[in-house]
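Note that subunit A is present in both complexes that follow, paired respectively with subunit B and with subunit C.
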Partner chain A sequence: MHEVLLAAGPLRHGTVPLGEAIAFWVLGPIALAGAIGMVLLRNAVHSALSLVATMGCLGAFYLIQQGPFLGLVQIIVYTGAIMILFLFVLMIVGRDASDSLVETLRGQRWAAALLGVGFALLVAIGIGRAVSPVTPTDLNSPNAGGNNVHSIAALLFTRYLFAFELTSALLIVAAVGAMVLAHVEREGPRPSQKRLARERIRSGRPQPLPGPGVLSQHNAIGTPALLPDGSVARESVMVGSMESQEERQALPTPSAGEGGFE
Partner chain B sequence: MSPYYYLVLSAALFTIGAVGVLVRRNAIVVFMCVELMLNAVNLTLVTFSRINGSLDGQIMAFFVMTVAAAEVVVGLAIITSIFRTRRSASVDDANLLKY
Partner chain C sequence: MTHLLLAAGNTAVSTPSVSYHALAPIFIVLGAAMLGVLVEAAVPRAERFTVQLMVTIVGLVAALVVVGLLHGTRTTTPSPTGNDAFFAGSLSIDGVGLFLQGTVLALALVAALLVSERSVDVGSPIVASAAVVVGSADDRRLTTADRVQTEVFPLMLFAVSGMLIFPIANNLILMFVALEVLSLPLYLMAGLARRRRLLSQEASLKYFLLGAFASAFFLYGLALLYGYADTVDLPGIFTAQQTSGKSDVLLYTGLALLLVGLLFKASVAPFHNWTVDVYVGAPTPVTAFMASCTKVAAFGAILRVLFVGFSSAEWNWRPVIWAVAIASMVVGAVLGLTQTDIKRILAYSSIAHAGFILVGMVAITKQSTASVMFYVLTYGFTTLAAFGMLMLVRDPDGEATQLARWSGLARKSPVVATVMTVLLLSMAGIPLTSGFTGKFYVFRAAWDTAGPLVVIALLSSAVAAFFYLRIVVMMFFAEPPVDSPTIAIPGWAASVALTVGVVVTIVLGVFPQPVIDLASKASYFTG
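And then the complex of A and B:
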C-alpha cells in the first residue's frame, strides 16, 4: 500500500524508481534549507521551526526508503515530542532566546566555516571511496512475509533484546534525572493570601503594574509598556528580566514615530 | 538516481550541524544542531540498511533515536537549571563549574 502511495519500491539495477527520485529532489533541498536556516536564523524559535521542517523531510526519506516504521517513529518522536520539548524550554528561557553578536573568540566563525568545508570534503572522499564497488540491493526480502514492522520486531526481540532492555533502563534513568534537575525545593511555607495582601499594601504600590496596553507593539517581558504620551513606563518591566540597573536605565526612549501619537 | 545521493545529503546535513555547534552561542540552538547531526547519521544508517539489504541499520537508527530522546530530556533539564541560577542560556556565560 505505502509503496504505491510513496513511490517507494525495489531498486532496479542499483537505481531508485522515478517517483522516489522526484521525491528526493523535492524534499532534499527543503531539508538542506531547513538545516541552513536553523544555523543562520537569529531567533531561536525560528531555528526550531526550520529544524522541524528538516526532520519532517527526513521522516519522509525513511518512509520512501522502505522503512515505514522508522519514518513514523521519526515524525512522532522527533517532530512531535523532542521539538515540542525544545519549544517549551525556549518559552521558559524566553528572553535570552536570541543570540548575542559579540564574538568572544576572534575569528571563530571563519575557523568554523573552514572546518566545515574541510570536514565535508573528507566525508565526500570517504563516501566516494567506500561505496563505489558496491551494487546496492534493497530491503524487499527482509520486508517480505508480513511487513517492515514485523521484521523489525523479530530482530528487536531476539538479536537485540539485551540492548532493548538497556534502552528501557536508560530512559528511566533519564526521566528521573530530568525530574531531579528540574525540581525546585520550596524554601519555607507557602505564603498565605493575608501575608501577600499585607506585603502589597506596605510596598507602596497596591495597584498592579501597567500592562503592555494598546500602544505597545510587543508583550514580551523584556519589552517595556508605553505610556499614552509615548514614553516608557519603567515599572512595566519585570524585575529580574533586566540584568542590571544600568540596563534598566538604558531602556530606549521611543522616538516620535514609534508607538506614540502621530 | 542511485541511493548514494542520500549519503551525500546526510553528509551535508551533518556538516551543517557541526558548523552550527561551533558557531552558535545559545545553548538550546547548540543542542538543536546536535540533534541535526544525530538525524543525519540516522539517514546514513537507513540508507546503508537499504543498500545492504539488511534491517540492522534501521534497528540501529531506532536505538539512536531512543538515546537522543534521553539525551534531550537530560540536557534541557540542565539548561533550565543553569538558566535558573544565572539567568542566561548562552554557552559563553557558563564558564565556571561552581557559583
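And then the complex of A and C:
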C-alpha cells in the first residue's frame, strides 16, 4: 500500500497537496467576498447570507486541513444554528427596518476605512512575511486511526480542563442576562379566560387586529395591510416597526369612518 | 487499521490532579453566584433582596478568609498525572495572584455594600425591572417602587469570579475565558440604572460592542502567539522565545494585539474611549465596582503576561508601555480639566491613574511588582469611596453630578465635603493619604530605569491635582446654588462602605508599612 502511494507520488503544489491548493484558491475568494459583502450590503438578510457563505467556506477549510470535528462544528453550530437564529430575528424584527445611517462624526467613515485598510495591510504583510518560510505540517499523528475527536477530548479534559469548565459560568451569565433584559415579570394574579373575554367584548373591538400586508414585494412584517378602498390599515402594523419616520408620516391617515371599527 | 481503531476506543486519559484547596476562593464565589441564581427562582420577592445580599456577603467573606489561609502557596494546577505529556497548569496560585485576589475580594465586598444601599434612592440605585420599556406606564410606576432587579448580586459574583481567575491565569485560553466571564456580567450591570435609564442602556451597549471588539484583538494576538510558540501557556511562550525558530514578527504582533485587549479592560489611553460614557451611564455603585475591581484584575493580568510570559522581551515592550503610560496620563489629566461633571472627572481621573500604574511596570523587579500591587489596592479603595459619595448629593431626579451643583456644599454638610476632600486629596497624591504613598512607591520603583517617565508622571499628576483641588475649592469657598441639592443620609450599608474607603485611604497614607511589607513578601510568580 505504502509503496504504491510513494511510487505514484502525490501531486503537490509547492508544499501542500494539489487538491488542497485548488480547494483553497476556489473557496478563499468566496470566503473573502462573503465577508466584504456582509459589511457592505445594505439589506440585512443579504448581509447575513454572505456571512453564511463565509462561515461555510471556513468550515470547508477546517475539513481540508484535517480538522473534521472543527469543520463540522463550524458548519452545524455557526451556519446551522447561530446564523439561522439570526435570520429568524431579522425576519421577526422586519427585514426593512433599517437603522438611521446619519453620521454624527463628520468624515469618520473615511478615517475608519483608511485606518482599517492600513492596519489590515500592516498585519497581513507582517504575518505573510513571517509564515512564508514555515513548512506546513500535517495532523496525521493526532488524527491517527480516526482519533481526531478523541485527541480534542483528551486536551479539553486535561490541559484545558479549567477553561472548559469555566465556560459553563459564561453560559449561566448569558442565560441570566437574557432573562434580565427581556423577561418582564407578571405582577398580581394571572387574568382568567373569563375576565379576558369580558374585557374584549366591552372594549368595543372584539375581533383581532388585521394582519400585516405581506405581499410579493415586501416580506417584512413592517408592511401595512391595505383596506378595500386602497387606504392603509394603520392597526395592521406596530408603529415601531414601520419602515421609517418619513414613510410613517407619508401614510394617508384613514378617517374614522373608513376603517369601519367604530 | 482495525487494530488502531480498537486501541483508540480503549485509550484512557489520565485525569489531571486538581489542587482544590488552592482554587477554593474561586469555587466559593462561583458557588455563591449559582446559589444566587437559585435564590432568584426559589425565594419570594419580598425576602429576595435580603437573601441575595446575605449570600453575596457570606460568599465574598468566606473567599477572602480562604485567600488569607492560602498565603505563601506557590503551585500551578491542574497538573498532569500518569504518563501524560507534560503541560503547565493553567492556574498559578502564587503571591501576586493571592494578593490581587484578596484585593479584588475586599473591594468587591465594599462595592456590594454600596450596591445594596436602599436609603438614598427610592428602592435602590438599581432598576426595578430592566426589561420594562423606558418611559412606559409600567416604567413610571416602577421608578418609585420598592422592587429591585436582584439579579445584580449573582451577576456581580460571576464578575468577581472572573476577576479572581484573570490575574492568575497561566495560559492565554483560560485568560480569555476569564476575561469574558468578568466582562459579560459587567456589560449587563452597566445597563441597570434606575434613573436616566436610556443613558444607562446606551452605556451598556457601547461597553458591549467595544468590549467584543477588544476581545477579538486579544484572540487574534493569542492565535499569532500560538503560531509562534506552539503553546498558549505563558511559561511555554517564555521558553519558545529562546528556542523557537519562527519569525519574531509573529511574537511581537501577537503581543501587541494581546496588549490591546488587556489595556482596553484597564481603560488605558488610547483604548479608553468607552470608559467615560460607561462610567457615567452605569449605576454609580456599579461604576465604583468597575473602576476598582476591574482595574485590579486587568493590571494583574498585564503584570503576569509581561513579567512571566515576556520577561525576556522586556526591551521590546518597554517603549510601548512608556508610550501608553504617557498617553494615558496626559489624556486623563488634560481632558479631565475640561469637564464640568464630577462623575466624568472621576472617570478621566481613572484613566490618568491607569497611566500612573503602568509607570510601575517599566522595570521587571520585585520592587516594581510590589509597588503596582500596592497602588491598585490604594486606588481601589479611594475610588470606591469617591464614587460612593456621589450617591449622597441628590437632586429630585437623581444624583446631582454637575460640578456647579456641588458649590458651597461644605455649608450644607461639612461632613460630606470633608470626606470628599480627603478622597480627592488622595487621588491628587497629597502626603498623608494613600494616594501619596502609592504614587511614591510606584515612582521610586521606576526611577532607576525610567527617570524621564517619572518626571512626566509627576507633571501630569500636578495637572490632575488642579481639577481635584478645583472641586475642593468649590465645595468650601463658593456660594451654594439657590436650590441647593439635598444630602441623603446613607443607610448602614453605604455608611460602612464609605467609612471603610476613607479609613483605608487615611491609614495607608499614615501607616502604610505593614501592607507594603505584605506586598513585597507576596511579589513572586510561579509558572
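As a working rule, the second predicted complex is superposed on the first by the 158 of 262 C-alpha atoms of A that agree within 3 Å, B and C clash if a C-alpha of one lies under 4 Å from a C-alpha of the other, contacts with A are read in each partner's own complex, and residues count from 1 in each chain.
Definition applied: contacts are C-beta pairs under 8 Å (C-beta built on N, C-alpha and C of every residue); 3 or more make two chains touch, one makes a residue touch a chain.
Just so it is clear, the model here is predicted, and its values are computed rather than measured.
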Which partner chains sit in contact with A:51 here, subunit B, subunit C, both or neither? Use first/second/both/neither.
first
Could you look at A:174 and tell me whether it touches subunit B, subunit C, both or neither (first, second, both, neither)?
both
With both complexes overlaid on chain A, does A:160 touch subunit B (first), subunit C (second), both or neither?
both
Which superposed partner A:65 touches (first subunit B, second subunit C, both, neither):
first
Could you look at A:185 and tell me whether it touches subunit B, subunit C, both or neither (first, second, both, neither)?
second
So, A:129: does it touch subunit B (first), subunit C (second), both, or neither?
second
In the superposed model, which partner reaches more residues of subunit A, subunit B or subunit C?
B
Overlap the subunit B and subunit C contact sets on subunit A and report the shared residues.
123, 127, 131, 134, 160, 163, 167, 170, 173-174, 177, 179, 181-182, 184
Touching subunit B in the complex, subunit A uses residues 11, 14-16, 20-21, 24, 28, 31-32, 35-36, 38-39, 44, 47-48, 51, 54-55, 58, 61-62, 65-67, 69-70, 73-74, 77-78, 81-82, 85-86, 89-90, 92-93, 96-100, 102, 104, 108-109, 111-113, 115-116, 119-120, 123-124, 127, 131, 134, 136-143, 148, 151-152, 155-156, 160, 163, 167, 170-171, 173-175, 177-179, 181-182, 184, 240, 243
Residue numbers of subunit A touching subunit C in their complex, please.
123, 126-127, 129-131, 133-134, 144-147, 150, 153-154, 157-163, 166-167, 169-170, 172-174, 176-177, 179-185
Residue numbers on subunit C that touch subunit A, as the complex places them
1, 4-5, 7-8, 11, 13-16, 18, 30, 33-34, 37, 40, 78, 80, 84, 87, 90-91, 129-132, 138, 149, 151, 154-155, 158, 161-162, 165, 171, 173-174, 177-178, 180-181, 184-185, 187-188, 191-192, 224, 227, 246-247, 249-250, 253
Going by the contact rule set out above, which residues of subunit B touch subunit A in the complex?
1-9, 11-20, 22-26, 28-29, 31-33, 35-36, 39, 42-43, 46-47, 49-56, 58-59, 61-63, 65-74, 76-81, 83-84, 87-90, 92
